[in-house]
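Two complexes are shown next, each including chain A; its partner changes from chain B in the first to chain C in the second.
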Partner chain A sequence: MRHTISILVSNEFGVLSRISGLFSGRGFNIESLSVAETLDAKISRMTIVTRGDDKVIEQINKQLNKLINVIKVTDFTDEEHIERELALIKVTSNPESRAEILSIVDIFRAKVVDVSPRSYTVEITGDEEKINAMTELLRPFGIKEIVKTGRIAMARSPKQK
Partner chain B sequence: MRHTISILVSNEFGVLSRISGLFSGRGFNIESLSVAETLDAKISRMTIVTRGDDKVIEQINKQLNKLINVIKVTDFTDEEHIERELALIKVTSNPESRAEILSIVDIFRAKVVDVSPRSYTVEITGDEEKINAMTELLRPFGIKEIVKTGRIAMARSPKQK
Partner chain C sequence: MKKIGAQIFIDCLLKEGVDTIFGFPGGAVLPIYDVLYDAPLNHILVRHEQGAVHMADGYARASGKPGVVVVTSGPGATNTVTGIATAYMDSIPMVVFTGQVPTALIGNDAFQEADIVGITRPCTKHNYLVKSLEELPRIVKEAFYIATTGRPGPVLVDIPKDVLMAFADVKHPEKITLESYQPNYKGHPGQIKKAIDMIMASKRPVVYAGGGVILSNASDELQTFITKLGIPTTTTLMGLGAFPGTHPLFMGMLGMHGTYCANMAVTNTDCLIAIGARFDDRVTGKIDEFAPFAGIIHVDIDPTSISKNVKVDIPIVGDVKNVLKELIKGIPGPKGVKEFKKNLEEWHAQVTGWENTHKLSYKQDPKGKIKPQYVIEKLYEATKGDAIVTTEVGQNQMWAAQFFKYDKARTFLTSGGLGTMGFGFPAAIGAQIAFPNKTVIGIAGDGSLQMNIQELATAVQYKLPIKIAILNNMVLGMVRQWQEFFYDKRYSHTCISVAPDFVKLAEAYGAVGLRAKTIEEVEKVIKEAMSIKDRPVLMDFKVDQFEDVYPMVPTGQPLNKMLLV
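Presenting the complex of A and B:
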């Protein structure tokens, strides 16, 4: 099963390496990972997406909680949450294909962020499914390059007062 | 000096841990990091933002190139490139503050992606400066939570044919 795990850590040398080692040491591949500072520059948030056996993930969560630099671990798997990632996609364009590419960009509410005589660079945000759908539509034009952030997640707010 | 380094790696257990260990072993803090699969699921791209002495970064680049799973290393520091990150910001809202928050969201071309009686969750993309500017404008309303992806980068395309 796929798990999206959010880890709040204090920023010390080696914390990233220790945490990623915990996953790889148990044969878990990290599908995507994002790390960035929070409002407090001494604290960072890591979001890890991984696939694996629920029991083993539970063990990893326990071990994460034991690490001295780990402040909080949240597994979003069973929680209502928002997931987002950002992708930059450089696609081949020519006078014949430009209009069609731009209409795909419009449909996905994406944005052209760089133009050259032979390419468009498109920025898109969304969940994995949306980004994959747009990638598949752009693929026939020729994707020169794609760079994606790791996924991030945030719990949805309760809708009742 | 700040460096944005992009590393293409083959997806094997432990590659992330080895690479982050290389930075921490030399006392480099990773400011932000993104890892995600490319179009080829066997290959991932990591983008690392770090600050440090140019000579030491050069050494790290050399060592990265020696790692068996590393396919290509690009340091964007002296190259014309696009940088982007994505943030989700949950900000306290009430009937009095809502209109003002929404006008800030508009100005930054951000998006409200979740609403509750007491909060808005806003999605914004841009470079570090833009995201910091918006964060500062929202801060007085009360930021409940902020989650950011690591930064990603892509070289700008040449403007000549």
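Presenting the complex of A and C:
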């Protein structure tokens, strides 16, 4: 099963390679990884999407916690949370297809961020399903390139009672 | 007052209570060596950096204090890797300091530059590159703290030469706090209660103790716990000495070359109490059939060890010593204990039965070749077990584990996790330096010994009366045994009969060399070796080449499927 794990780490050099080294050294897989500073510049957040049965996920959590630079590990899987990813999609366009592409972009509330005579570059944000759905609709026009950020996640605030 | 970095570094070591370091100089650490010239520190000059790390490791295993190593950058640093990985696998507290090229040159492929922090990341508990002199005292303090607390392990600190040569007026921190590193020492009371209940309800309990008991200095507590309840006990290779080897409740080691009794007991137990052990594959055999009838209790300070290989019913994360104290407190009163022991009678009878059916054994033909096991037994008799024994890797290691009895913790030093040939001899040097007045015996194979034989010079230089006992079978014995059993006796590249004359070699280094070719000579040689007090002795025992280690659980088989003599 797929898990989105958020890791707070001290913002020191080499931390990323400690984490990625742990995954590769122990044969855990990484589907995506994103890193950035938090509000506190001394701390970074990594969001890793990984896959594994319960035993593997338990090991991943424990092994991450064991690293000296890791402050906190949260597995979002069983928690109410929001996930987002951003994708840039460069799609072939010509006079006949432009209108249709633009309407797809519109439906998904995406944006055209670059235009050339033969292509549109579309920016879309959302969860994986949304990005996949749009990708599939654009595919018949000819996708030249896709770049994705990898997933980020945040716990939902508790609802007021 | 401003001081040079190298002096500040030595001050840091002294503040940590370090009195002995193992090292080898070079360009990047010249500033340190200049300060060492008249520093109040015992520096042991090795002949190869791998030797330095194994010595520091042996020193740490024997004494419980962290081992300290200083080497230069580049090749000096890379030569430490096997030693560090060895210590890492066995959770040995150690701090390794490597010189590094000056900060401005890092990343430029400078002369003798190696990214040792990158290289050792997966085999250290933690490591550091020091970027400025100001942070050096904090990092050294953290390094010792991390190496010696929680589940211990090696920490590496890489120090660029310009940091060692800078001048600063720095403060040494009295205390450090690491937000992200807080090992859990106390076992959860609820879990401890559950464990006691499971133990008291069991009829066929077994204690399976590992190296964690020794690391936690908990052998007294372990013994109290076991003897109060009368539970049959086995240990891992790393756990030998954690419980007295001569105790009637001791069944011997378990696992691939464990005793018949221990392996049968673990297979049939209804309650396996694992203490400071980690269910290594050499211990469990076929994992799905390991302790199939048992509820499993697992005490370990490292949460990652729990349920990693074997599903555990009652995990207790905590320091073994603390948890054992709580377990002892939780044992019910005399009435409960009496009833428990009564319920165990049948189990004890069964265990005794196993003990008597297949004892560890070998046949010594009085006219035949010397059997390696015989040598170990004679070493045991000669010392009455009062010695620190180190081993190399292979058959010699297994016979040393089987035929010498270890009554005390920290008297059997072996590379369990990594299985590093070349460990035993330098480890013996480290142990002898920690305990100058104890008898230290290095049990060796002729193959392994040659991997760090150069340290004979170190042992001679420091007048260390180490007794090296080579079980000289002229082959890479353990590999040969596997070829015999599993590769149709195709002895591919395991014959090492082209070897030095070890007696002459010892003499060439200024040590004593002795040889035994016949059974009569064995005791004579041992007696003579024991009388030498001012330099190392190398005993060359010409032993039977085709002797095998039994019992043996072939890989992939369950523990009760042993090959027996």
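Miscellaneous remarks
Definition applied: the second predicted complex is superposed on the first by the 160 of 161 C-alpha atoms of A that agree within 3 Å, B and C clash if a C-alpha of one lies under 4 Å from a C-alpha of the other, contacts with A are read in each partner's own complex, and residues count from 1 in each chain.
Just so we're on the same page, a contact is a pair of C-beta atoms (placed from the backbone, for glycine too) under 8 Å apart; a residue touches a chain by one contact, two chains touch by 3 or more.
Computed from a predicted structure; not experimentally measured.
In the superposition on chain A, A:Gly21 contacts both chain B and chain C.
If you count the residues of chain A touched by chain B and by chain C, you find the higher number for B. Once the two complexes are overlaid on the shared chain, A:Lys55 sits against chain C while remaining clear of chain B. Once the two complexes are laid over each other on the shared chain, residue contacts for A:Ser10 go to chain C alone; chain B is not touched. Once the two complexes are laid over each other on the shared chain, residue contacts for A:Gln63 go to chain C alone; chain B is not touched.
In the superposed model, A:Ile71 makes contact with chain C only, not with chain B. By the touch criterion stated above, A:Leu33 is placed in contact with chain B alone, chain C being left untouched. Comparing which residues of chain A touch chain B with which touch chain C, the overlap comprises 13-14, 17, 21, 25.
Within the complex formed with chain A, the chain C residues making contact are 117-118, 121-122, 125-126, 129, 146, 178-181, 302-304, 306-308. Note for the complex: chain A touches chain C at residues 9-10, 13-14, 17-18, 21-22, 25, 55, 58-59, 62-63, 65-71. Interface of chain B with chain A (complex): residues 6, 11, 13-17, 20-21, 24-25, 27, 29-39, 45, 47, 82, 84-86, 88, 90, 113-119, 121, 123, 125, 135, 143, 145-154, 156-161.
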